[in-house]
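These are the structures, in structure tokens.
In the two complexes below, chain A is the common chain; its partner is chain B in one and chain C in the other.
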Partner chain A sequence: MTSEVSKGLTRSIELYQDRSSRVKELRAEGKKVMGYLCIYPVLEMMTALDIVPYRIFGDLHEPVTEADSYMPAVNCPFLRSCLDIGLKGKYDFLDGIVTSHICDVGSTLSSIWIYALKPPFSHHIDMPHTLHETALAQEKGLLEDYKKALEGLSGKEMTSEALEAAIRVHNEQRALVRELYELKKLNPPLISGAETIQVIKAIESIPVDEGNQLLREVISEVKERSNGPQKKSSRLLVWGSIIDDTAMMEMIEGLDANVVMDDTCVGSRPYFDDVEITDDPLDGLAYHYLVDIKCSRTFRVNNYMDVHKDYMKDLEIRFSYLKDYADEWKADGVIMESVRYCDTHGYDVPGIRDYLDSIGLPSVYLEHDYTEGALAPLRTRVQGFLEIIG
Partner chain B sequence: MVRIYFAGIDLGSTMTKVVILDEDEQVCAYVVNHTGAEHRRLANKVMEEALIQAGLCIEDMSFIMATGYGRINVPFADKQITELTCHARGIASFFPNVKLAIDIGGQDVKGLKIRNGKLLDFVMSDKCAAGTGRFLEVTAETLGLKLEDLGRISLGSTQKISVSSTCTVFAQQEVVNHLSNDVPLEDVVAGLHDAIASRVARMVRRLKVEPDVVFTGGVAKNIGVVKALAESLGCPILVPEEPLLSGAIGAAIIGKELTFKALANGETIQTGERRLEEATFFK
Partner chain C sequence: MTQETKPRALNRLKSMYALRAEVDRMYEGGVEASEEGKPVAWVMLEGWSNAILNAMGVKTVFPENYSSLCAAQGMAEPFMERSEAEGWPSHLCGYARASVGYSARMVDVGGKIPPEAPGGGMPKPTLLVASGETCDARFKWFQSLGRFFDAPVWTLESPSPGIRERLSSETYERNVQFLIKELKAFVAFLENLLGKKMDWDMLEFTGGGTNEINRLRWEINELRKSRPGPMHTRDFWSVMTAALFRGAADPEVIIEGHQKMYDEVTERVEKGIAGINRPEKYRMSFEGLPPWHTLGFLDQLAERGWNFVIESAYRPMRPRTVDLSMYDDPMERYVRRRYRSLEESLQEDYEPDEVEAIKNEIIRDGTSSRLGLKHISDYQVDGVVLHVLLTCRATSAGLNLLQRKILDVLKVPSLVIEGDIIDASAFNAAEALRKAEAFEETMDHYRKVRKELGMPW
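Entry: the complex of A and B
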């Protein structure tokens, strides 16, 4: 249980502002706290060994000063920021770091992190980027290695029962996030896009069971409150790379629009599919993390060789879930956003734009450099877009 | 019958433009002046000047619409709309068949796809001021020329040079290098105009280039860039008589349309506090 008295949205804001407060208490009680970068280092496996997963984020408000010695300015500004604040000691309390091959820069960052920050434990999941037949077997093999590494750290065996129990509690978290997102289908939505980021970031900063409790509190609070988001002219779906700060959502929602749905990784992306409990739990986990999660880092086609034979069909296979989101959440338009130099998401932008054009859903693309200063010119783009669709 | 008036104020990064229109969309007054330093946007002075010119007072304005980069907090405006929508509206009022509009201002470049007078899509340059009015200002200074002379000088070019960058810093190095190699000034200036035009052409290609193509903003006053742009895009370029005013005129027209729509619905138009004070840049 948390030692603070605050609950729900207030607790989310506190954790958003001071993310490590709870895990530092838990560490003082003897628990291990594991940093992880991006959403792929299978959290269930940490939870199964009573290791607390703690997601590594950057800090948009902190100028990058230290990371320049290790990463060039043409690298992902988000990952540069993560390393920068790591170099400034913000993640020194962690018992280790787990990374994965999210992209080439992310993969290289894990080596730099190990070299520069010398964490007591580190593990890298070199996960595949396609859905080839062999990819799933490779992912499972990588998770077997990861399991051994975590067992070595904790000195305990990761039993199938413990892993199944962990999958259940994480699936419960996914169900609660989806329940929260159901409340965004209303007009006005019961929770704003900026508040959603605060809540998601909060649950990614505390143990999963405490996160579930927090989600229950938030869900009942937003249903009851009278000071939630106001009705606006437009309802937007935001797709793209990581947004781990409320600034951009606040900018958008400060205009005549509500962000009612997202497909971003500090949002719905890690939570919208459950992990199937399979005879060997690693099978279900491998499938979920490789196939279910729809991030640009995984090239998604049903049959790899089909690519380029039918462009529009290929786009439909890859992106029709965005149409489903727009239909269910009644979005009038889509904001595609990407942090600068994110090739992974950038490559998907023309395809997604073509797909959205084909279904008559207007979109605008925003590229930002992960600083506060970048938001003013973006406001003109978003406002201009809203004037077009409004 | 009492005449009614509408003001549009376009606070650009470099210049502030105010236009006062009557209900027939005739320009009663317009003023173009420097926006002023970041912390003291002298929008109120430009507005006062326009009111004096028109012989009107602020209460005579049925609606005051603010647009432009500094639109966010104009204490005497009733509403703010982006320069994207306002430019499109203003340009379509002079050129009803416009399909593509290009605006090159002091610090950015915008491409607007317009159909039947409505903005459909847009592209904007990033926060870097490469290839904008600022680029030409700095270049003119390096060359010891007046900004307004660049266009005329470039027309004398017989063998324009190729400038690979519109980055204000890198292009200066190239310019100095060419001058030291005795390249005639007019060829250097024409090369700079070409660099701007090809950058803009790349940007707006996504919006589809088809006539009428209209060019506005301060840089549209430079005949050399107009010529280079026509060559790059492969079609004639139309430039309004006063290319700086399209945003402010569009703002005033949209204000008029909102007012008439409200009147038709029997509603009262909502105006702001209208404090004729300096505009701070952001809230």
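Entry: the complex of A and C
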């Protein structure tokens, strides 16, 4: 580790700004560092083999110049940015990449990455789309393949004991993130939405045990500090596709609102359910990654064998956790945001709006192209929304 | 003095018209079934559910195809505008947006077919069968239609492993078992919905008809390798609908129509007749989905001697004979007859030494630069049109990589045209034509390059 180690929020900001600093040190010490895209490539299985998971992000501030020659512009600008950065050599330190069927573009990106960057190791998890019983069995089979692939890379066996220990340490991280989010229930919240992104991005850039230590420091510091966010007129819940940069949160929080809760993937989404410890650890992992994580990439219905359709009941099953979030964090309104060309989130927008309307929670939908320039017009829309709900 | 009339640029197959008419009958059949109180399913195109639904007496109609029909008749725009007004983002699939608008209009008129619906319209669905195959829109879209219909949605799983993973025999066998169990669950759902048992003998019939149609389509496509190319892609697209989106149409009628088409194309090959009425200057492939609203654009290219002899979408699979004698379970027979491994596909499509080279590349690099290009070399294509769609991620995301591979490996250049399947406003035909004119020099150049390298065309 670096000789002078900063702590808590300062360390989070440092890692947010220079994400690869720590894993490059670890790699120099002989550890393997595995890139992964999105939240589905089962991190516990890497940790069990002492491989450091390192999440691949884009860079909203870096113009896309290289990715155009591999992927047309009419595709997810976040994933294009990830590819662009990869093509510019900024992920060359990785020992490989693990991807999954997060969406059509995510799967295609996997193929392009492998073709263009020729990583030393690659594995793709072809996740099912539904919560059918057959899909759960299929997911477990896919994790068995993944286990073999990682064992081949590391030259070690992934024992059940090691995997169970890894699940426990990742569950500890989930619990710590939830503890951090408890501090956002206060008015004003003790930590802002922008700072939350910095912390989450930081822990997704270092080994899980170091991340847990960082979270403890952050929680302790935030509880004690007097310079936290100011109290604002509105408390907002943000739902949507990836936000891996503080710029959007800063734009919203620069207005008369606190972002007190989110349902995004650099936020609460990967952390709000624990993995159950099962006799065969792969059972618990398969269930968690297919069923527990509530991302728009998965098809959910009330009861898939039920031949009777009830739209509002269906919406309640799919989205009532948003009501729970709004109630517990006392949110006055919801910002639905999506990066342009994100089809999976885009199709959920009308249904979520119907659901939020049905429970009397106001909402606004924002679409952006993952550039700083896109935020200015959105600011006006958020301002208008705050005036309505204020 | 009589004035000679220049023939139209495209030389359409006469046998095409009868098959195209079957599409109208598919939609008419859906409406009739609904009026008679019979179940009607809105279905996504995939390889599994249609034969099962038809075997259970369910009429099937295809919203994605219906949206293309709306686009071809200039009727899609109002439906898409309605979709946006309902809150669906404008970047979503054009097929989906048109059907969202159509569904909203159905609600306006009390669940009836909107009076402005082209082609007789689609009746209100009894159920929607979504698919995990090909793209995410195909299940997200149907789920989002819940606002308009009280019909249940079944999403049919369809495994799509990564290239390296597809080489594994264990992966293949697991996927076979997954499909069998998934389709059995689907049948159980249908039996519950319809209150009747599956007719497994009927599945052998409906599934078998699909196989025969596929075989004839394959044989016709093999004929298209001839010079000049005897069948233009517009004919392929016109009849593709009858073959793939055939709903509950009698398979025998579709088979007969394809047999006639096979005979006509064979005759053209024997007589050296092309699919265009101009000298074949350039043999072309169309990659991606077509601009259904402006197919006449291809006629303008035909005027320049561009003959689209092959295309990437909706291609038939190579027919196969599988020994099913050891399998008694009808669903297992149904799955094993159709689902093939990457190993098998490679063995069928490439010479043995090529197979080994490709497999080694996949094992080493995770992919092979030769995959996905075979039709370009088999049909000796001079140039490729890549249709990048504003609203379709699944077909557009990989096109630039494909462009690189085709040029690197086969020395065949590509022309990128941006547009959309349904939204005519996203397509600028005049600009595309200007680009096409300039592209001819590029094709001429690479012809010389291939010749210098000793390539066969």
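One rule holds in what follows: the second predicted complex is superposed on the first by the 381 of 390 C-alpha atoms of A that agree within 3 Å, B and C clash if a C-alpha of one lies under 4 Å from a C-alpha of the other, contacts with A are read in each partner's own complex, and residues count from 1 in each chain.
Keep in mind that, in the parts below, contacts are C-beta pairs under 8 Å (C-beta built on N, C-alpha and C of every residue); 3 or more make two chains touch, one makes a residue touch a chain.
Bear in mind the structure is a predicted one, so any value in this text is a computation, not a measurement.
Contact with neither chain B nor chain C is seen for A:Gly89 once the two complexes are overlaid on the shared chain. When the shared chain is aligned, chain B comes close enough to touch A:Pro377, but chain C does not. Of the two partner chains placed around the shared chain by superposition, neither chain B nor chain C is touched by A:Gly152. Touch criterion not met for A:Pro120: it reaches neither chain B nor chain C.
Comparing chain C and chain B on the residues of chain A they touch gives the larger count to C. Looking at the shared chain after the overlay, A:Glu387 reaches chain B, while chain C stays out of its contact range. Put simply, chain A uses residues 367 to touch chain B in one complex and chain C in the other. For chain C in complex with chain A, the residues that touch the partner chain are 86-89, 91-93, 96, 127, 130, 132, 135-137, 139-141, 143-144, 146-147, 149-155, 157, 159-165, 168, 170-171, 174, 178, 181-182, 185, 188-189, 192-193, 365-367, 369, 388-391, 393-394, 396-401, 404, 416, 418. Within the complex formed with chain B, the residues of chain A that make contact are 367, 373-374, 376-377, 380-381, 383-384, 387-388. Taken in their complex, chain A has these residues touching chain C: 68-72, 74-76, 99, 101, 103-105, 107-112, 114-116, 118-119, 122-124, 126, 128-130, 132-135, 137-138, 141, 145, 296-297, 299, 301, 304-311, 314-315, 338, 340-341, 343-344, 346-351, 353-354, 365, 367. By the touch criterion given at the top, residues 69, 81-85, 108, 119-122, 124, 126-127, 282 of chain B touch chain A in their complex.
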